[in-house]
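There are structures below to look over.
Two complexes, one shared chain (chain A), two partners (chain B, chain C).
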Partner chain A sequence: MTLQECYAKLEGDYAAVSSRLPSEKFIQKYVLKFAEDKTMELLEEAWQNGNFDEAFRAAHTIKGMCQNLSFARLEKSSSALTESLRGGKSPKAEELLGQVREDYALTADTIKEYKAGL
Partner chain B sequence: MSDLKEKGTKEKKDRGPVRFLIFSFVSLTLVTLAAFTALAHYLNARSSDTISQVGEVYMKNLSQQISMHFETTIDLRLDQVQTIVNDVRPAFERENTGREQVLEELAASSKARGFVQLGLMSYDGELEMIYGDPLQITDPEPFIRSLTEGESKVAVGTNPKENDKNMVLLGVPSDYLMKDGTACLALVATVDTEYIADTLSMEADDSLVYAFIIRGDGSFVIRTSGAFRESYFDRVRNIYEDVDGMTGEQYIEEISGAIQRGEDYSTEFTMEGERRRVFGTPLPSSEWYLLTFMPYGVVNSIIDHLGETLLLAAMVCCMVIFMALGVVFFLYRRISLRQLADTEEAREAAENALTLAVDARREAEKAQSKAEQATKAKSEFLSNMSHDIRTPMNAIVGMTAIATANIDNTEQVQSCLHKITTSSRHLLGLINDVLDMSKIESGKMTLAYDRVSLRELMESIVSIVQPQVKSKRQKFGVSILDISSENVLTDSVRLNQVLLNLLSNAVKFTPEEGEIQISMKEEPSPKGEGFVRVLISVQDSGIGMSPEFMKHLFDSFAREDNARVHRTEGTGLGMAITKYIVDAMGGDMKVDSKQGEGTKFSLALDMEIADAPEVDMVLPPWNMLVVDDDKALCESTVKALTSIGVSADWTLSGESAISMVEEHHKRREDYHIILLDWKLPGLDGIGTARELRRRLGDSDIPILIISAYDWSDIEKEAKAAGINGFISKPLFKSTLFYGLRGYAGVDDIKPDVPKDDGRESFAFEGTRILVAEDNELNWEIASELLSEFGLELEWAENGRLCVDMIAKSEPGTYKAVLMDIRMPVMNGFEATEAIRKLGRTDSNMPIIAMTADAFSEDVQKCMEAGMNAHVAKPIDVREVCRLLKKYLSMQ
Partner chain C sequence: MDGKKRRQKILIVDDSEMNRSILVDMLGEEYDTIEVENGLMAVSELQKRAGEISLMMLDIVMPLMDGLEVLEVMNRRRWIETVPVIMISAETNSDKISQALEMGVTDFISRPFDAKIVQRRVLNTLLSSAKQAELENLVAEQIYEKEQNSLLMIDILSHIVEFRNGESGLHVVHVRRLTEVLLKQLASKRPDYELSAGKIALISEASALHDIGKIAIDEKILNKPGRLTNEEFQIMKQHSSIGAQMLDGLGVHQGEPLVRIAYQICRWHHERWDGRGYPDGLKGDDIPIAAQVVAMADVYDALTSERVYKSAFSHEKAIEMICNNECGSFNPVLLECLMEVSDTMQEELKSPEVKESAGESISSMVEKMSHHSELAASNRTLQLLEHERMKYSFFAAMSKEIQFEYTISPSMVSLNAWGARNLGLDEVVMDPLENQKVGKYLSEDLRAQLHDVLMSATPEEPIVTLEGKMEKDGVKKWYRFVMQALWSEDEPPELRGAIGKAVDIHSSRSYLENLERRASMDQLTGLLNLTSAQSQAEARLKENPEAKYALAFFDCDYFKDANNTYGHLFGNRLLVHIAERLRQVTRSGDIVSRAGGDEYIIFIQYHQELEPTIQRIYGALHGEDFGGFSISISMGIATTVQVGPDFTELMGAADRALYAVKQAGKGQYKFFEGNETSLVKSRGESVYTNQSEIIDFTPEE
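Our next item is the complex of A and B:
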């Protein structure tokens, strides 16, 4: 699996990231790092504890990472979740979190698959 | 026209009811008149009948009364005569009494009772007078007959001695002795007929009624005034005009019959033009018939008067009714007129209301069409945007794919990357426009004033526009005149945006080989001494604009929609943004344009003069020559040179320049430096330089090209022609200073000439920067990207750590902070405020926000928290570098 294929599978925007970041190697390095990032766990934990302020920041961070790496799909759902948590918990947040979980799993699994193929 | 017509028909309509009313009124009048006339006639007839009836009844009674009165009178007289007869017994019944004595006693008694004459009547009707004149009995037969039968009777006789005067004879049967010794039939006494008439009041002065007494043959017994004939019947025949539709003879016949039958008779007749009633009744104790007459004249006149009064009353009633009708008519007319007027008013009101309604609807339609237009503009904008964004996007995606496929072909990859860069820039521009517009529309766009060098501003603009101008082979002129203050306070980013927009539009809408001219000029500002008015104009010889379009030039999303500009991309927001920025700067923007001839935008901005940097710009007292076909530019340049200690001549063409240089050379007063415009009419800059080198031989006078064009394009040719160097227009004082000082043997620092590819070079070697970012991955990316430019980056995981690191460091350790906003423990806003409050010498270090939330309120909050600038995530390394360079240079 190439990096482009990896991006295609996790529904990222390879053209965008490659125009912004200097090299494929550079991108690859941070894509692999993304899989090790613990922010999603932080988000889940904050949600469990009912700490929606913390959950908001975690979602925001995920969104920021996705923007950096142009993970368009996860960026979209995490961005929506961020907005729904900006003023505390909103009725839609639960559903949006579900979407983020799904997209995050897809992203993380794809990266793991890509890593395994290196 | 239609008004008149309408009025006409209205009058016609008006006349209809009026005519009807008049007709009704006249008809009513006629009917009323007829009715009243008929009524009057009827009443008259009725009154005639009534008079006739009343007359009959009245006359009957009157006749009976007269008749009774006559009877009483006659009876009284007869009784008197009877008394005489009873008192004076005849001689044969008495003793010792002679006839003579009896006659004496009779005469005495008779005279005592007032009888005119007294006589004895024999059975054969012979009358033997006792006293008085002898008499002729007019109709003795019935008289004798009655007396013979023992009845008392009256009759009429005449006195021949007294002109046949009528006398009434009263006979009472008796048996006195006549002269001849025979017994008489009756004692006869007489009275004057006048006495009877008087007694009966048959001719009273105060009475209308008069009466006749006639015999059966019509002869008068007693006649009153006017009746001179002997017979009533003759009278009838002669003077009666009409007797109730009968002839006189018929009447006479009828009345004769009635007399013979002893019946009452009544009828009406006309005599002497007067209607009269006659009533006949038989008189007792006689053969006589009483006729009583009553003329209707007075009654008639009374009745007529009554009739007249009635008629008059009717007329008055009529008049009253007419007047009432008239009043009603008038009132009705007035009411109907008022109603008409009311109707008219109501109609007008309705029309007004209708007009209002129509206006309102038109307004509503206008508003709706405005709203629709706005919606249409928005959707057009969206579809344009969609197209405009897709175009560079497609290029980027496509070029990326091509580059990926040809990753080993460096040349092709480079070409792709170049195109990608261009497209990305364009895309970024579009997005910036949209963001700017949304900022403007939400009122969030604010200007950040700081010190700006007009020279740098113009240089950077020219360098950005150059490639575009070059690719379209357009003539590009930059003219800088009378710049007294190079450093002003303004928002350089926004001013840059304005000028770039105007210039890029000029390039866009000017065909190949067209002309584009940007000029800048300063003049005193009306705002005062600390200000300067900067006049900037951008002129092109492009397609121009239609007057219609110019009206909407500054509207959002406006883009002239015709085939000529269809392939030209853009958001249509550029001019709206430009206008807004100029307005926000308190400036004025004018546009002159003619289709097919070109467009000229003129800006006038009052700017505060910034403190000039303490740079001593003095050059050796050279004598220079400036050659340019723009006289104003020559003069301005000479002025600028004079202000930095250089005297200069100027000329407008290459030919004259050559002769001037030669002249000076001969006088051994060579110019120290020659500035040559590249594009000159006739002999151009390079040609002139070549000629000068040829003529001057081994002279090493520096010849420099001044041009707004890119030096690299002509460098080779220019160097070959013997040109030493290049100064890019615009020619500010500092441009000249920095461009020329190399030839004065001072520090050989070249002015910043922007590089060909438009990339600014950033040199931050050894500059230490703190990056506050909670996410490791994001930090690493930023760190790796930015360290390329020589920056030394340190990481703070949150706001608190960031503040602590600065607090613990030596002042000046960190030159700037890149601050994430959303961080645990302490967010970017709080951290910034804390850093600003540290009270250190470097507390005012540049802090640049990095946030994923490109919302304008976040930007506003960043500024409020004390940050200097803001970049959106994912970070654009060049943008970060540009901002860092800007703020670091200000420190």
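Our next item is the complex of A and C:
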């Protein structure tokens, strides 16, 4: 799988990211790094403990990473989740978390698959 | 500055390891980077080395201490004045952004990071903060210059003291030098004391005056070889407050920074950190820093010099005694400074400048003065800048223009004071497109026009103008917007926003509109002229090509004869009369025009039957007696149903129908049929026949 195909599969915007970041190698480095990032775990944990302040920060962090990597799909859902947690948990948050879980899994799995083929 | 070029340090504060790492990769080649993952760590890093950090990149949402709290601390400790901050948050909440701006943030870089933008913004910020430091130095020079006038006074006063005191002239010089060395050390450690280069120079100069109060002390006490009695000591102690009083009495120089600082030094250089000094028993940082530093320098020099009542201590011994609080008690941070400079300060005191100047006399004054002229240029530049600034704000206030600066990201508008007042807005408006008050002024239409015209600007032709109606005080008024688009310096350049102004052109625009209306009218009859009738008709045809329209083209038969017989004035009155009739029989939506000479057109929309309408109009015009002249009308009519929605076609067809009427003997109306070479078809009662071609009339006059 090429990096471009990886982006297509996780519904990211490869054209956008490659226009911003200096090289394919640079992008690859951070795509691989994303798979090792622990923020999603932090989000789940905070959620379970009912610490929605921390959950907000974690969602915010995921959103920021996705923006930098142009992971459009996950960015959209994590961004919505962030807003639903701003200043406390809103009723929609539960459902939005579900979407983030799904998109995150797609993203992480795709990167793992890409990595295995390197 | 040292000759070796040091790499500038950038402190990156972000809780996401990945974001930090991306920034390090983007900036690491050019700069040294330090990464920390929350606000607390950022603050402790600043505490350790605020002086070394050239720039901070700061996230907002972080655990433990968020970005705004970091900014708060930076404001409190005044680090914000020396460390420029770029926000790098994914935050889009405009409240937070405007809060950050208020707290002194220099720039924003929004996610996602673009390598070129990050590098460029960092460079820009570093450059502009270097420029700021340069400007600050310029100002320091300017202050320094002002103080030159007072320096002579200092010299004279301090030498009088030394002369009376029997102390070596070196004491004043040593104290001055030490004060300077200690202050420089302190400045990098504690920005909150605000020790700029100018201030350090000022305090050092003023230090020479610390003992001027001794002029008033009895010489016998002053120069007594042995220990002072308690009573003598009480008298001796008065020298600090007396010195302060002397400066208080300076009159003319009151309020000058130098005199103010000298006052602090004179009065409080015998206060102690623990509050057990004199004359006021001030404690800790209640003692002005100038006095604290001079006190330490004074004690050190007293210890290491020979006096009538004691021999000299070694440098090491003196430092030890001071640090053990054997000769007073000092600010711990000042003791730290003393120890840090301990190794170099002996050398400093032996430097030729100090040795040679037993009295810092005329030659060094001359040297200072000549050194001074070099500064004149920079002062002049400053004055010119100040002059320009004043000129600008004056004209900005006088011009009654709304001036604005618009940036796209973060989305904000800043207005000049007059403009903000005039519009009842704040001078800075975040998210103007979302702002209700702004929305009142900018209708959707105007907003779209402004957007389009701004987008049409190019780096080659960055200035664009637009005239549009803006609602103000419930009335739509014409404004002219002139804008200069601003681009980033990237390749390709990115539109960053615009500066511009909005000028009320309502009265001049109304005048123009009036002229325009007059130009579109036939002067004689007040009907539309042909050109404007055509453009209005074409607009309607375009707007609604499916609708049914008819054009009637007519003239007044025998008009030439009437003109010849009764004169032009009569002819004109006749033309006006026909126009008035037309106004009476047409609807306001119809387009009625005098096409030229005695020719008129009527352009009407119809729905079912056209002929009754035409009959009514024709009937109102034809056959009337006007001052003895029986009006006869020939009219040709064509419809869009026949020729399509095209004005020229309509005119052509109606003209052919009219020509056919003329051929058939005038005084009739006729619909276009497409075979206009033939004779007018009899249309029964719908064809009006002129009763007589020879008109029976009596002249009006």
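By our rule, the second predicted complex is superposed on the first by the 118 of 118 C-alpha atoms of A that agree within 3 Å, B and C clash if a C-alpha of one lies under 4 Å from a C-alpha of the other, contacts with A are read in each partner's own complex, and residues count from 1 in each chain.
Everything below uses one rule, namely that a contact is a pair of C-beta atoms (placed from the backbone, for glycine too) under 8 Å apart; a residue touches a chain by one contact, two chains touch by 3 or more.
Predicted model only: the values in this text are computed from it and were never measured.
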item	value
Which superposed partner A:57 touches (first chain B, second chain C, both, neither)	both
Which of chain B and chain C A:18 touches, first, second, both or neither	first
Partner chain in contact with A:32 - chain B first, chain C second, else both or neither	neither
Touched partner set for A:1, first chain B, second chain C, both or neither	neither
Residues of chain A that lie at the interface with chain B and also at the interface with chain C	16, 19-22, 26, 30, 33-34, 37, 39, 54, 56-57, 60-61, 63-65, 67-70
Complex contact set, residues of chain C against chain A	15-19, 21-22, 25-26, 59, 61-63, 89-91, 93, 111-115
Of chain B, residues touching chain A in the complex	396-397, 400-401, 404, 420, 424, 774-778, 780-781, 784-785, 788, 820, 822-824, 852, 873-874, 876
Contact footprint of chain C on chain A as seen in their complex	16-17, 19-22, 26, 29-30, 33-34, 37, 39, 54, 56-57, 60-61, 63-65, 67-70, 86
Partner chain B, residues of chain A touching it in the complex	4, 14-16, 18-22, 26, 30, 33-34, 37, 39, 54, 56-57, 60-61, 63-65, 67-70, 79
